[in-house]
Amino acid sequence: MTEAPATETGDPTHWVLSLSCPDRPGIVHAVAGLLAEHGGNITESQQFGDPLSGLFFMRVQVESAASREELDTALTALASEFGMTWDLDVAGRRMRTLVMVSTAAHCLHDLLFRQQSEGLPVDIVAVVSNHTDLAGVAGFYGIPFHHVPVTKATKPDAEARLLALVEELDVELVVLARYMQILSDDLCRALAGRVINIHHSFLPSFKGARPYAQAHDRGVKLIGATAHYVTGDLDEGPIIEQDVERVDHSRHVEALMALGQDVERRALARAVRWHAEHRVLLDGHRTIVFR
Amino acid sequence: MTEAPATETGDPTHWVLSLSCPDRPGIVHAVAGLLAEHGGNITESQQFGDPLSGLFFMRVQVESAASREELDTALTALASEFGMTWDLDVAGRRMRTLVMVSTAAHCLHDLLFRQQSEGLPVDIVAVVSNHTDLAGVAGFYGIPFHHVPVTKATKPDAEARLLALVEELDVELVVLARYMQILSDDLCRALAGRVINIHHSFLPSFKGARPYAQAHDRGVKLIGATAHYVTGDLDEGPIIEQDVERVDHSRHVEALMALGQDVERRALARAVRWHAEHRVLLDGHRTIVFR
Amino acid sequence: MTEAPATETGDPTHWVLSLSCPDRPGIVHAVAGLLAEHGGNITESQQFGDPLSGLFFMRVQVESAASREELDTALTALASEFGMTWDLDVAGRRMRTLVMVSTAAHCLHDLLFRQQSEGLPVDIVAVVSNHTDLAGVAGFYGIPFHHVPVTKATKPDAEARLLALVEELDVELVVLARYMQILSDDLCRALAGRVINIHHSFLPSFKGARPYAQAHDRGVKLIGATAHYVTGDLDEGPIIEQDVERVDHSRHVEALMALGQDVERRALARAVRWHAEHRVLLDGHRTIVFR
Amino acid sequence: MTEAPATETGDPTHWVLSLSCPDRPGIVHAVAGLLAEHGGNITESQQFGDPLSGLFFMRVQVESAASREELDTALTALASEFGMTWDLDVAGRRMRTLVMVSTAAHCLHDLLFRQQSEGLPVDIVAVVSNHTDLAGVAGFYGIPFHHVPVTKATKPDAEARLLALVEELDVELVVLARYMQILSDDLCRALAGRVINIHHSFLPSFKGARPYAQAHDRGVKLIGATAHYVTGDLDEGPIIEQDVERVDHSRHVEALMALGQDVERRALARAVRWHAEHRVLLDGHRTIVFR
């Protein structure tokens, strides 16, 4: 559950409630009833019952003058009755986000720009990198840059430092924006559901390194990118968004990479937005995306 | 409101309820409560409140063993309380559809094929044309073909005959699948919200005839098509779906037309499917599409 | 090389010349010179030199009143000088095509319809199937239907019968339009470069059967299809065209399959068109597509 | 014709030759012959004859050790024979570019970033704006920023200052990256074929201001952007590139604008790249784009 923002008034607040629980009759009625009792006016709502997993998913935007305490108390009781996982947040609140990069600038640039100009609802509180190349980009936007080098020997220390930063800065979301290091299983577990990676290929994909070289060699006519949650199972985490771009025979590997960067930043920006707006819910190893 | 299908058992039925009404607190709660009282289990649901029009829209799929009479009675009462327009249908029921064509076969072909093989939930009960060219296509699929020629003089008679067919065959939806006649205002009013047209251009578009020739002359890089409800305001009815296809300088007008046919049949098929599944609701001259 | 059509006059004919050879200076000049000597006026031309394979590719449309014999003689001499593979055809000539199917109708339907109405430049001379389900579709379009059942025991006989049909009907192109049998290596070799398959997945893809079920299980956000030449290396033949369609969590496996059929028929129709127009040239296991 | 770059060696140079002339037999042969005489090896080439305008268009990439003087002399002679307009440039040379902006940062940001990181072959030598908002963005990339305010009274002076900058800085291309002023007819003529604008709508489009508001009001399902050359005929200059993005009913006007910015920067970046690579040729009021 997201922590309450520091200041909240008695004026009607626009809330986002997202939840999932085992499917059974009466869930929508119970949730809508709870909200109605607290003077809530539902402005947007989406539900989905997955017949395979037997789970029910719901995202509601609601205006209500009730306090967070009142809503939390009521939702906690309801959740216990329905076996519900839930999250309540102020709509439009910027999610505290840490971005990890190596040397490729396109995704970092894009996120910083969208945060500033397009209302991407994140508050990028730190950029962490195992290289120093992108310190200037972070600096231009006034974001603290942390250089955390990673070698085989220092990896545990580096991950400990990352976790400390996450703790210290109240980070809610970590974005791997072309960060070329694999996170340890322990770190994946510690940050489960809070790390989004952009994979530089359509998934399923060519296995192994240099996907654009493989794509060129295979003569594909579309190249793609995949934004997904990070789990211990490399590149197999739940997919949030995918996109593609058309290519032809005249594109050499470098041109494919440049085109691919466009696809990557588009897919990643959408995934981050949807996550920050609580539009992405986990259904086992798949995602429900209430766009 | 859709008429009840002839046979219905006491077994749980999968229903689709779509509705709209002035937005105010408590709608979802009231609807969900009504459904819960009738043993309903909501399997899919979408809502949207339009801040501009002040209207609220909702589409719910629900399983319930209640009879149509019970549900109709309860919904009628609720609708009166909330000023609600509503429709209750059995999920997956095939909507009785009449297709109007002139000489171009691609959209007719596509609809007939999708009805048969892809589960497009329509039951095409008649093909009406002002020409005879497509009688064979209808015949192949075993659909009655009605030749209703139209001249300036016979247009009122022709439209009367169409209306008689709509009546007689219990037609719920009329699809203008490249039908090259303009319906009279009276006919548009009589069938309001029940006629879908495919416009052979992106809208907004070049005004006047021969849009592909104009698109070629202007050197556009994308051509499009628009499926919309028919109103008396020609080509200005509420848009249901639009799609485009990339073109380049080497395409002459005929090639644009061939490519355009692909876009037309795709956009039309989607619009027909969404309408037949009660996914399209009218919000003034715009549509809400719960895909 | 394509056989000359039976009738050819002395009037200027619109030709398509496609060729490839080791790259070196002077190729375009030599080809253009040959065509100029025969009164040729080039109306469209594309070239590509692949730095990786060291091969040069060219497709020219040219108007010339020269006879095929004259052009053939001149091109044969040139080809010997440059180590050239070449093909000369009358532009717009319909390529004699045999379509193989099992039970799924969508691709067959689409090809037959486009052949008739959209000027897809193929002449479908036979439909061959290991089932009888689609005999009616072929019949509606007046195309001879051959039922050639395949069991493990009869496979060699079935393939011999196919080859006999190819021979007897002067078939230039075989299209596997959702034909659910794997061709033997011998057959692949015998028809190398003349068989196009539609693969019901993006490639690279999930390995094994039921790709739509796998795509659903993995929660992909795009589904795709791939049209490729058939080689002995299953699903690894040179890719001609790929396309995708966006999907979301609410699509169950059957809905993915229906959407997938749309992508399949689009990708296959484009691949067949480009092949029939001599726009696809082989560059090792990749294709050059001069669209 | 582009001026020769300052330094050129006798080593083989990779050239781009683009040309157009009235269509007639022998053009390709003559061009290829000229190049062969100068030891040229054609690595990529595209041609197109427009049957409507009667013009022939060609773009060739060729490696040759000949000097620019030799090639210029030979091409001048050939051009005179064929009535040819032509341009010879070193492949990959960065085109000297001036970007004009008002207050919206997305397109400027994108061009600056792509120039630096993706090899967009332009050398942005100045940013000119009628506002000061974007001085910091230009400064971050080390690009001189010129504030040239425009009022009705000062417009002639402002345009004179722009022309002086174009002259002084050897500017080859001017990009209107959401510059919210209309250029005078005189300026359009002075810079004909050298100014690219990004129009924040699909063309043909809603007439007048605030296209996203109009798009929202009309309930369109796709929004688009168009990159085109600027002529005196406002928004009617030759189209270079168009792109679209899917939207739905839940997007309010601001969300459409944010999505639209993505489409704008994509379409503009492609148009600038193709222009800088001499891939765009004018065919009356249409463009030939050899991608």
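Order as written gives the chain letters A, B, C and D; numbering starts at 1 within each chain.
What we mean here is this: a residue touches a chain if its C-beta (ideal position, glycine included) is under 8 Å from a C-beta of that chain, and two chains touch if they have at least 3 such contacts.
Remember, it's a predicted structure, so these values are computed and weren't measured experimentally.
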Note down the smallest number of touching-chain steps it takes to go from chain A to chain C. 1
List every chain that touches both chain B and chain C. A, D
Quick one: which chain's Cα centre is the longest way from chain C's? A
Roughly how big is the turn, in degrees to the nearest 5, that lines up chain A with chain D by CA atoms? 180
Length of the line joining the C-alpha centres of chain C and chain D, rounded to whole Å: 36
Please tell me the distance, in whole Å, between the geometric centres of chain B and chain D computed from their C-alpha atoms. 42
Considering chain C alone, which of its residues make contact with at least two other chains? 44, 48, 51, 250
Write out the stretch or stretches of chain D touching chain A in their complex. 44, 105-106, 109, 113, 117-119, 140, 250, 254, 258, 261-262, 266
Please give the residue numbers of chain A that touch chain B in the complex, ascending. 23-29, 31-33, 35-36, 39-49, 51, 246
If we count contacts the way the header does, which residues on chain B are in touch with chain D in the complex? 48, 50-51, 202-206, 217-222, 224, 238-244, 248-250, 252, 283, 285-289, 291
